[in-house]
Amino acid sequence: MSIKLVVKKVPAVGLEADVIDPAALGKKGLSEIGRLQVWAGRRTMPLADPFDISVQVPEEKVEIHGDASRVKRIGQGMASGRIDLFGDAGMHLGNRMSGGEIHVSGSVSSWCGCEMQGGSITIAGNAAHYLGGAYRGSSAGMQGGSITVSGAAGGEAGCRMADGVITIGAGCGDFAGVHQKGGVIVVHGPCGARPGAGMTGGQLILNGRVESILPGAAYLEEVQEVEAAGTKLKGPFLKFKCDLAEETQGELLILTEPNKHLRA
Amino acid sequence: MASMVPDVTCPFCGCLCDDVRVVLEGGKVKEIYNGCALSQSRFAEVRRTENRNLQPLVRKGDTKVPVSYDEALNRAVEILADADHALLYGWASTSCEAQIAGIELAELLGASIDDTSSVCHGPSTIGIQDVGYVTATLGAVKNRADVVMYWGCNPFHAHPRHISRYTVFPRGYFRKGREDRKLVVVDPRRTSSSRIADLYVQPEVGHDYEILNALRAMLRGAKVAGPTVGGVSIETLQQMVEMMKRAEFGALYFGLGLSMSRGKHRNVEAALQLVRDLNAQAKWVIGAMRGHYNVAGFNEVCAWETGFPFSVDFTRGYPRYNPGETSAVDLISNGEIDAILTIASDPVSNLPAEVAGKIRTMPAIAVDPFKTLTTEAADVVMPSAVTGIEGPGTAYRMDGVPIELRRICEPPQGLLRDDEIVQGMLQRLKGMGSR
Amino acid sequence: MKAELVLANGTVYDPANGIAGERMDICIREGKIVERVSEGAQRLDLAGKVVMPGGVDVHTHVTGSKVNAGRIMRPEDVRSNVSPRTPLTRSASGFTVPNVYQIGYTYARMGYTTLVEAAVPPLKARHTHEELSAIPILDKASLVLMGNNWLIMKYLSEGRDDLLREYVAWLLEAAKGYGIKIVNPGGTEAWGWGRNVEGVRDKVPHFGITPAEIIKGLLQANEGLNLPTSVHLHANRLGKPGNYSTTLETMELVRNATTRMPRGQVLHVVHLQFHSYGGDGWRNFRSEADKVAAAVNSSSNITVDAGAVVFGWSTTMTADGPFEHDLQRLTHLKWTNADVEAETGAGVVPHFYSMKNAVSVVQWCTGLELLLLIKPDRIFLTTDHPNAGSFSKYPQIIHLLMSRKYRDAMMEKLNPVCKKSVLASLDREYTLYDIVKITRAGTAKALGLLQKGHLAPGADADVAVYDLKPDSTEGLEKALSSAHLVLKDGTTVVRDGRILAAPIGRTYWVKCPPTSKRDEMIDGLREHFRYYTIQLGNYPASEEHLMRSSPVVPEVSS
Amino acid sequence: MDLTLITGRTINQGRGTMTDRLGGFHQRNSAVIQMNGDDLRELGLDTRSLVRVTSAFGQVVLKAEEAEEELPRGLAYIPYGPWASTLVGSDTGGTGMPSFKGMKVRVQREAAADIRPATALGGRADG
């Protein structure tokens, strides 16, 4: 068993719980964990206030139960260990993590996995905006590790991605892979407008219907399959060089079948 | 006895024209010269009182009763100090001195502070944080520009003297007048500003990013598939690229047509990159058509005081910045705010109705010379002198030039200035000792 | 009873008065150093501590429109270094583009008590002074950009030295500035058309005047007005391989110029490191610091500051608009530019000095070579903050200057190009005495701030005390970054690296009395303002914008 | 009729925010929807008729008028103010900026209801 946190009551103004880091909690006893500080607006409170905490065997594994959709920064900067979240999570889940695993059975809010260096995040539900993206002004977003979302993602998934893998089971919003410079993004459902805007490198693979592509996406050829992050994806794909507005371009691959309208 | 005050700075829009001449009679504004229609209204309203708040009010039960400033300030501080996460919002139509005090108040409270730029040119600033801002003061354009482009803005309605005082009509050091400059207007509406353009480009609504992307690709020599992009023909786009490449000095001014339509900060970023790329073979600058007369001032003050330009969260005692999370609309609609101070702005009118509704459910303080939906909805109302007419201060023009605001007539009996009111709250909060 | 204090038994370094590590008492009354104090005076025993005047930074970009443009453009730098408010201090943020509180507290913790803002566009001087007023603790002065000013170039081309001098005097008062700053003379004006000037003999487009004439003309006006400090010059062709020849040519222009002012120098050349490069491209890019150092040492009327490089992120920002455009084309990072009508320009581009990159390492060597080769009373310590690095890294540079061993250890980690550098052959190690020269005594003198940079009676009681071991550099950087005690005008502001008080500092500016040419100049000015977009009446910054305004009135020469 | 809506400034909207936010001038100049003349005529409207404008977030009754600042077919324009704000959603897509320009609205002739004054709007529970 591991450290178990059950949401009791999240304050009206929301909660920031960046202390929920498996490696840090794993080394502490129950009372010590309970005294860790979390923030509700400008007020701090002990972790034991909003959460019921139980510790069988101190271990780098944290379970969170209940509705944590307004609890931000869970797993921020974690380097090892595991978080299992049986419900929804708030913003910045696992941002800047360098290792370890986060599994979410519900959905997550925006900036999930931003600027992560390594480790893995799997989300059964949906993700909001800037999945694996970059914070304002940063020159790079995700730089390693993997994010797998079974549901849909919002806008600017993989913004400024330098490396790593993002897989989105359903659709995504506008500007998928904006300013992507490395790594792999695969979207299985319908994709919004302007995918690959400002791309300078990396691979953006869209298996669903794409609303529209940019003038800066230059059609190259049709390819039967694509090798991405160690797996072979069966096509055929329309292969584009994108974005001609930049110095260098990345690879935009769009499944032919649902996207006849793009080549009309 | 009438007297004339020269070189008055007009406190309305981002043009911050400082050549207004005001005729005073009996200590009241009689009429003004050089000011545009907006300026006329701005100075005229000061004569009337029925549209003004003249007395501090505090809600007791379900009615608001007149009180002294002292009592209103105490009640305001009580509300703010009691909140877990207060928001101090507005700031765009007041002096830098009030803004400086407001940021210290937000820090001391552990509150968030944001100005109207998060729902105006905030996305433009976000674009600047991605790719930079190749700009110039308005005078550099007046003296040198031979191509002036307005994209997604209608100066004749929002910045009436921009074209005549700064960019296309005036005599510059190297330009004699209108005949020396090419005017290009890009707008889905056939606006009055487009009527005088040498080239009018009419895109489909919400396709600015596609058009800018095409222009940038063509500038790099790429062939763009036609026949049209965003409703604009390839030939027109090619004509634009040629004109831009041949310019001796080009200036692109953009408005909320880019920052508010689909793509928001990415639209602005594409325009910023287009102008940056043009500098490899020509000389181009770009400028945002900032709305209120001191919205640019808040971004400057907030940047030197906190490091960030707007949407700053002090809940942890130090500044954090993440528009989309720490910006006013998101904070309120996500339910993270439990008290609000609004100054020099009317969010209950201008923000989405859902947000206005939530403001009505929380303790609210409003500081404004005029009756607005926000002051009507507030629990504490503190009237203030009209900055720039009844109170002095500093403001920053849309191009970052700081200009003095003047006091040219007395405010109604006993009214305090915005900065005095915010200082009043600040000193009372400091007096409450550390909590 | 007047506030009296004795700093007793400290090991005092005061090169301006020839004191090199003597144990002595420093007496203070009402913010001034005095001969003696009464018996009742408070005594602080500083046995074993090093005592020196408060630091005076001669060249730093900390305030004003281009610094703020850097803050706005770089939230990633601002959020990288934050600390919360305390009952005594405001919250601080930023590393290479710090907010105003971070600047004041960090300088004060390092024992600095005076700084000079290196560049102010007169049209936006009000902005600079609003920021200077917000910086806690330190006294300040600012230098007004004039090397690309249209009216100045017009008067120079018409040979109207009289009107030029009158306009310079008026401009200094309008901008509440302390001295004349020239940046890439003529080059930033050419950038108004997307161009640049190449050398000191190159004609400025449309103005038919050369950088050499601009430099000499403004130097003459500077001496004619008896200004407290000399012209501060950012030479042409900054950052270009092979630019050392332009630097030598520029210094040659002032060979026989003289000054009656106590400062001694007629020209202060800023961030010399960026101007001491050989080679004709980035492949054979190399340091020519030894040639430039020789020229400085052989001259008698020039001072310089280093602009030494610190590895890691910086934010380059300068009125040299064309340089920043060239840098952006090289590195493809984000770029802000701000041309200012009829006066100047500015550019801001983030930059990373990498230990593995040959060009960065050559630049690092160049700065240290200049500091080690040039006499310590002719060169001052700066990083042209934040262009070559953050001022908060001065202690690291001091450590490198004082320890050959530390230099060698650092060079092991760098691109091997440093092995072949002149630096690798230099054994010299700075003494603490020399360090005090290049960080306060020399800078105060060059600035004409005679009440600063020394501890003789009459000086302001700005004193820095450090836990330094006399003859070892162990723990040096920590001691210099976090002073044991810092006094500002006799008030304790820092103790053991913690801010105890944040008084308001002075703002020095120069108020030259008008001469008979004033009216004629004003008429010309009214005509010239047709090319501005602000009324002449609203142009000058008002004195209320200055906290503790401290005007300096130069005496009028015949 | 389904149209694309832009909200924005007009000179009189600007003057209205100055002179009397709660009064008649502001309402006369901001409680309006400007449309393309052919769209107006297709709906059988003229510049005295009232219309009900509905978006995904709210609905409001406004006076229809033909745009002086000429609009292409399919485009409508409402000046900033409490009337326009009723139609704007608060999702900013992670940018801080609501979608003030470019949303879909339905415009129908309104026979019964009248234009509500500003004081009845601004997110009032009964608004």
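Observations on the structure shown:
Order of writing sets the labels: A, B, C and D. Residues in every chain begin at 1.
We take it that contacts are C-beta pairs under 8 Å (C-beta built on N, C-alpha and C of every residue); 3 or more make two chains touch, one makes a residue touch a chain.
Being a predicted model, the structure only gives us computed values, none of them experimental.
Chain B has the C-alpha centroid lying closest to the overall centroid of all protein C-alpha atoms shown. Each chain gets one centre point, the mean of its Cα atoms, and the points for chain B and chain D are 22 Å apart. Averaged C-alpha coordinates put the centre of chain A at 34 Å from the centre of chain B.
Taking each chain's centre as the average of its CA atoms, chain A and chain C sit 46 Å apart. Shared contact sites, meaning residues of chain B that touch two or more other chains, fall at 126, 129-130, 262, 314, 316-317, 321, 323-325.
Shared interface positions of chain C, i.e. residues touching 2 or more other chains, are given as 73-75, 79.
In chain A, the positions touching at least two other chains are 110-111, 129-130, 135-137. This structure has the following touching chain pairs: A-B, A-C, A-D, B-C, B-D. By the touch criterion stated above, chain B contacts chain C in their complex at residues 6-7, 9, 18-19, 96, 100, 104, 107-108, 125, 128-140, 142-144, 165-166, 171-174, 248-249, 276, 279-280, 282-283, 285, 299-301, 303-309, 314, 316-321, 394, 396, 400-404, 434. The part of chain B that touches chain D in the complex is made up of residues 12-13, 37-38, 41-42, 44-45, 48, 51, 118-119, 122-123, 126, 154, 156-158, 160, 188-192, 202, 205-206, 256-257, 259-262, 264-265, 291, 311, 323-325, 327-330, 332-333, 346, 348-360, 370-374, 376-377. Interface residues of chain B facing chain A in the complex, by the touch rule stated above, are 83-85, 109-111, 126, 129-130, 209-210, 213-214, 216-217, 220, 222, 224-225, 229, 262-263, 266, 269-270, 273, 314-317, 321-325, 334-338.
Residue ranges on chain A touching chain D, taken from their complex, read 110-111, 128-130, 154-156, 173. Listed in rising order, the residues of chain D touching chain A in the complex are 93-94.
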